[in-house]
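Take this structure first; my questions come after.
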Amino acid sequence: MPAKRTTKSSSQGKKTPELLFGDLWEFDPAPETADPNLRESYSLFIGGEQVAPKSRKFFESIDPATEKVLTKIPAAGKADVDAAFAAAETGLNKYWAKLSGKDRGKYLYRIARLLQDHAREFAVAESLDGGKPIKESRDFDIPMAAAHFFYYAGWADKLDYALPGASYKPYGVVGQIIPWNFPLLMLAWKIAPALATGNCVVIKPAETTSITALKFAEILQEAELPPGVVNIISGAGATGQHIVNHPTAAKIAFTGSTDVGKAILKATAGTGKGLTLELGGKAANIVFEDAPIDQAVEGVINGIFFNQGHVCCAGSRLLVQESIAETFVKKLKTRIASLRVGNPLDKNTDIGAINSKEQLDRISELVSCGVEEGAELFQSSCSLPKKGFFFRPSLFEGVTLSHRIAREEIFGPVLSILTFRTVNEAIEKANNTAYGLSAGVWTDKGSKILKMSTALNAGVVWANTYNKFDPTSPFGGYKESGFGREGGKQGVCDYLKVES
Amino acid sequence: MSRIPVTKTPKAYVGGKFIRSESGRVFPLNDKRGEFICNIPQCTRKDLRNAVQAAGKAGGGWAGRTAYNRGQVLYRLGEMMEARAEELAQAISITGEVPIASARREVSIAIDRVIYYSGWTDKYEQVLGNTNPVAGSYFNFSVTEPVGVVGVVTSDSASLLGLISQVLPIIASGNSVVALASTTNPYPAILLGEMLATSDLPGGVLNLLTGFRDELLETFASHEHIRGLDLSLDPAARAQVEVLAAGSIKRVKIREQADLGFWSSEKAQSLYAIRSFLEFKTTWHPIGA
Amino acid sequence: MSLIAANKSPLRRLIDEVGPVDQVAIEERVAKFTTRSIKKASKVQGLKLAVSMVDLTTLEGKDSPGKVESLCQKAQSPDAEMPDLQVAAVCVYPAMVKHARKFLGDSPIGIASVATGFPSGQYPLRTRLQEVKQAVRDGATEIDMVIHRGAFLTGHVQLVQDEIAAVAEACGEATLKVILEVSELETYDNIRAASFLAMNVLRPNDFIKTSTGKTSGNATLANNQVMLEAIRDFYLETGTPISMKPAGGIKTAKQALHYLVAVKETLGDEWLNNLRYRFGASSLLNDLLMQLRKQDEGFYQAPWKFSDSSSGY
């Protein structure tokens, strides 16, 4: 039966209408229960074998949502890095260089399939180790990683079509260093094109998120990939330096901060090593007054809160046209109210844990700085778990280009809001940064999308969407966001030495 | 009594204007017997900075030209060179190091190379760019864009052909260039500047400096506005340049000094020389109603 | 203004006024509702809520007083094992209203009548209004009208709005539900515009509704979302709460829960009741009941344990 209908409009009252996002219908916890199959401690993966680190050193990997120790991760020393490169060189000369593109492709297809088979356990491991919501690791990270192996598998015997008329050859052994925000996906971005083009690999996952990379070694064994073709060694910055400086590394592929990128450039100066650098960003997400507003709100939310804002291409600077700024910010705040922050393993969690204590401290520091510099902070009033590293979804109003929060990469769930009046002002503000990784444009006008896309100095421009990725779609930045592209045909080219 | 000829004062070519070094310094160009030919401007770091500024100013407009138009402008440059081919050949052999026959051959190849790259302007995009079949309702495409201002240090040998071979693929795609001419024989570059002035290439797109590598290399490497470097360089100098370039994450292409034989070969011209100084931009455009 | 108006259809002006909708983005948005995991107590609560929101419907040419009687019985007591459950209303053709009233007596269950030349609306306004008044006289407490899509699509938006206002007036005390027939409007821009067009002349807690169920397109999470967002914007602007009814194509309990998640996360707690939200459905009810029994008894029941409702939408 219908509830009783009131005949009087509530607009007659003076109260401003508000929406109530309460607990009338609260969701029960829905934890993902699949077993991540973690070991008590892990080994390095060198020459096709699980080997103990010669350094005899281990460090603990903790769950950022509970601060509990998950497992022990080996810290590879110089001798371990040497062993990995020696194994890679042997793998290259003895096996990989002798295989046809067709057969290299078959191994990649195998890896893709096995990743799909183990998808759920990888998703749980990824969320446990890194703090990202299970729905993201389950619906995005892991399937996208498998998709990359599928995509590049098919390129392995078709390289001539990627570089028509060129004379090219693989680098040989490639050193790869990946970040902690998309651990397995970044591994796939690095390994799949490298292998497809005939290179062998020494790869290091980030210190705080090594588990899925080391689990991936088990996939490679299951796929019977020839020994030494991929070597996975864990460790911190020092291990990374050994990789960068290793004479056998003919190319270094790095994803991480711009500062480390510059250090790598200096370290490799004069060596002739090839480089792909995917570095930081401070992307503008530009909302015009003619935008589809609710979709733009959703896109801005997704742009900054996806993966707790631990995304190099995060839309961390909202540029909204002044004429709609007030309405738009109000809508953003309403939307933030229904975001669920909490246990990463809960299927209904929208925002999980900050990856590490260190990162949480950095975010907190930059947010305090924003407040000190006079920007106006708004934070979701959601409840946060008592243990673990969590940060409320936050936005700053009244930000100008000179504020630190508008210039530095925060790498957390913090949005800075700026306004503009004209198309040209939007372009100027968007491009006023040393970075140039990505940008978002929201308008209902197709020709304006293309004008903006042409004018913005960014490697990826999302129109009426944000944070979209695809194996076929090249990704990478302009200016100090690095060089080289990952994904697509361009991703193939950057793992080949081309005569030019 | 024979007529006393009027001698020409060689000038660098910056922002579409002929300049002498702001420092007023020159260095003598002598022939191989040591006889004085003329004084060449010894451009300074400040001249380089001004040239970068000019290149930065001109770059946007040049990149904004239609590909067809860029092709026509470069073809016109070829026409200018063809008309003054003998003059260029004389310039190459002015020091007596290069026999005139070899110089004439070099000029022919250089002109053909200009025509080669002028033909690429409206085609490289079709080969290098593409649409990407993403799994979603988006029209996704990758196009190339010029990186911006590119610094070029040309090889000492092949004073004309080396310069043309390094510079043409870079400007073909809409970049602008600040180039340091051959130190051993800058004269063809000075002459080329005069031809550029009568071609339709907008001033500032190609800036030709004369001077010494040792003096300018550091500024080439560290100037933040310069987004790419194409340097013919002794391997020993490489590390220093790359360390300095790291500060602004430049695209650096370093090649060993090549000889005329290399520059004359087909290997010295390629689509991939254009690709070296391109950015790839990928756009996701929704497909909906 | 008139100079500009000459260049633009009134529909286009309306769309400009209320703002556009991006098709791809909204479809991706609603896909996220389907990843919510509703378990245990929250599932039972959601299923019961959904039952209470059902407008149990039969709209067939072969409907008869007998058919309507069994529908009314089912509405009052959907499941003998769960006596506290009731649906919101029955929904029938105008000629069946008096039969429904006879069977339901003074039961609080609503009687909704489709009217105004359902499903096409292609009848003179005079007879459409008569239909409404007659249905109300016969005992209908709710009227489900259709808008004049032909007029809307050709830019005669004022006519469409005037007709809605006239029907609202003819309804008297009865609640009005305005069916936009979204499949014929085709674009989300049009759906949003039509929502505002209707809401502007509706009374608090009148409804906007997606579909007649008589065309190839029915309610989807996406067009439901467009309308929920229109309701939200209208409420925040005017303070007038408008109610929402997706109809057609919602056949499973799982789907219904997805719709409720959309309501919860778009309009919040105050729309999680059958005054503000309804499902126009027939087969949905049995699946809701089956899921409820499963939650209660721990195993799935055979379909023959549940009385048949209707073969309508």
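Letters are used for the chains, namely A, B and C, taken in the order the chains are written, and counting of residues starts over at 1 for each.
Assume a residue touches a chain if its C-beta (ideal position, glycine included) is under 8 Å from a C-beta of that chain, and two chains touch if they have at least 3 such contacts.
The shown structure was predicted, so the numbers you read here are calculated from the model rather than taken from an experiment.
The minimum number of touch steps separating chain B from chain C is 1.
Averaging Cα atoms per chain gives one point for each, and the point farthest from that of chain B is the centre of C. Separating the centre of chain B from that of chain C, both taken as means of CA atoms, is a distance of 69 Å. Once the centre of each chain is set as its mean CA position, chain A and chain B turn out to be 38 Å apart.
In chain A, the positions touching at least two other chains are 464-465. Residue positions 22, 24-25 of chain C are each in touch with at least two other chains.
Taken residue by residue, chain B touches two or more other chains at 136, 138, 286, whereas all remaining positions touch fewer.
On the side of chain C, the complex with chain A involves touching residues 19-22, 24-26, 28-29, 35-43, 45-46, 49, 52, 86-89, 107-110, 141-142, 175, 203-205, 229, 232, 235-236, 238-241, 260, 264-265, 267-270, 272-275. Remark: chain B residues 136-138, 286-289 touch chain C in the complex. By the touch criterion given at the top, residues 147, 163-166, 258, 261-263, 265-266, 268-272, 277, 279, 446, 449-450, 453, 458-465, 468, 470, 472-476, 478-480, 482-483, 485, 488-490, 493, 498-500 of chain A touch chain B in their complex.
Residues 127, 130, 132-136, 138, 140, 142, 147, 227, 235, 238-243, 245-249, 251, 253, 267, 270-273, 275-276, 279-286 of chain B are the ones that touch chain A when the two sit in their complex.
Interface of chain A with chain C (complex): residues 1-13, 15-30, 135, 139, 290-295, 298-299, 338, 347-348, 444, 464-465.
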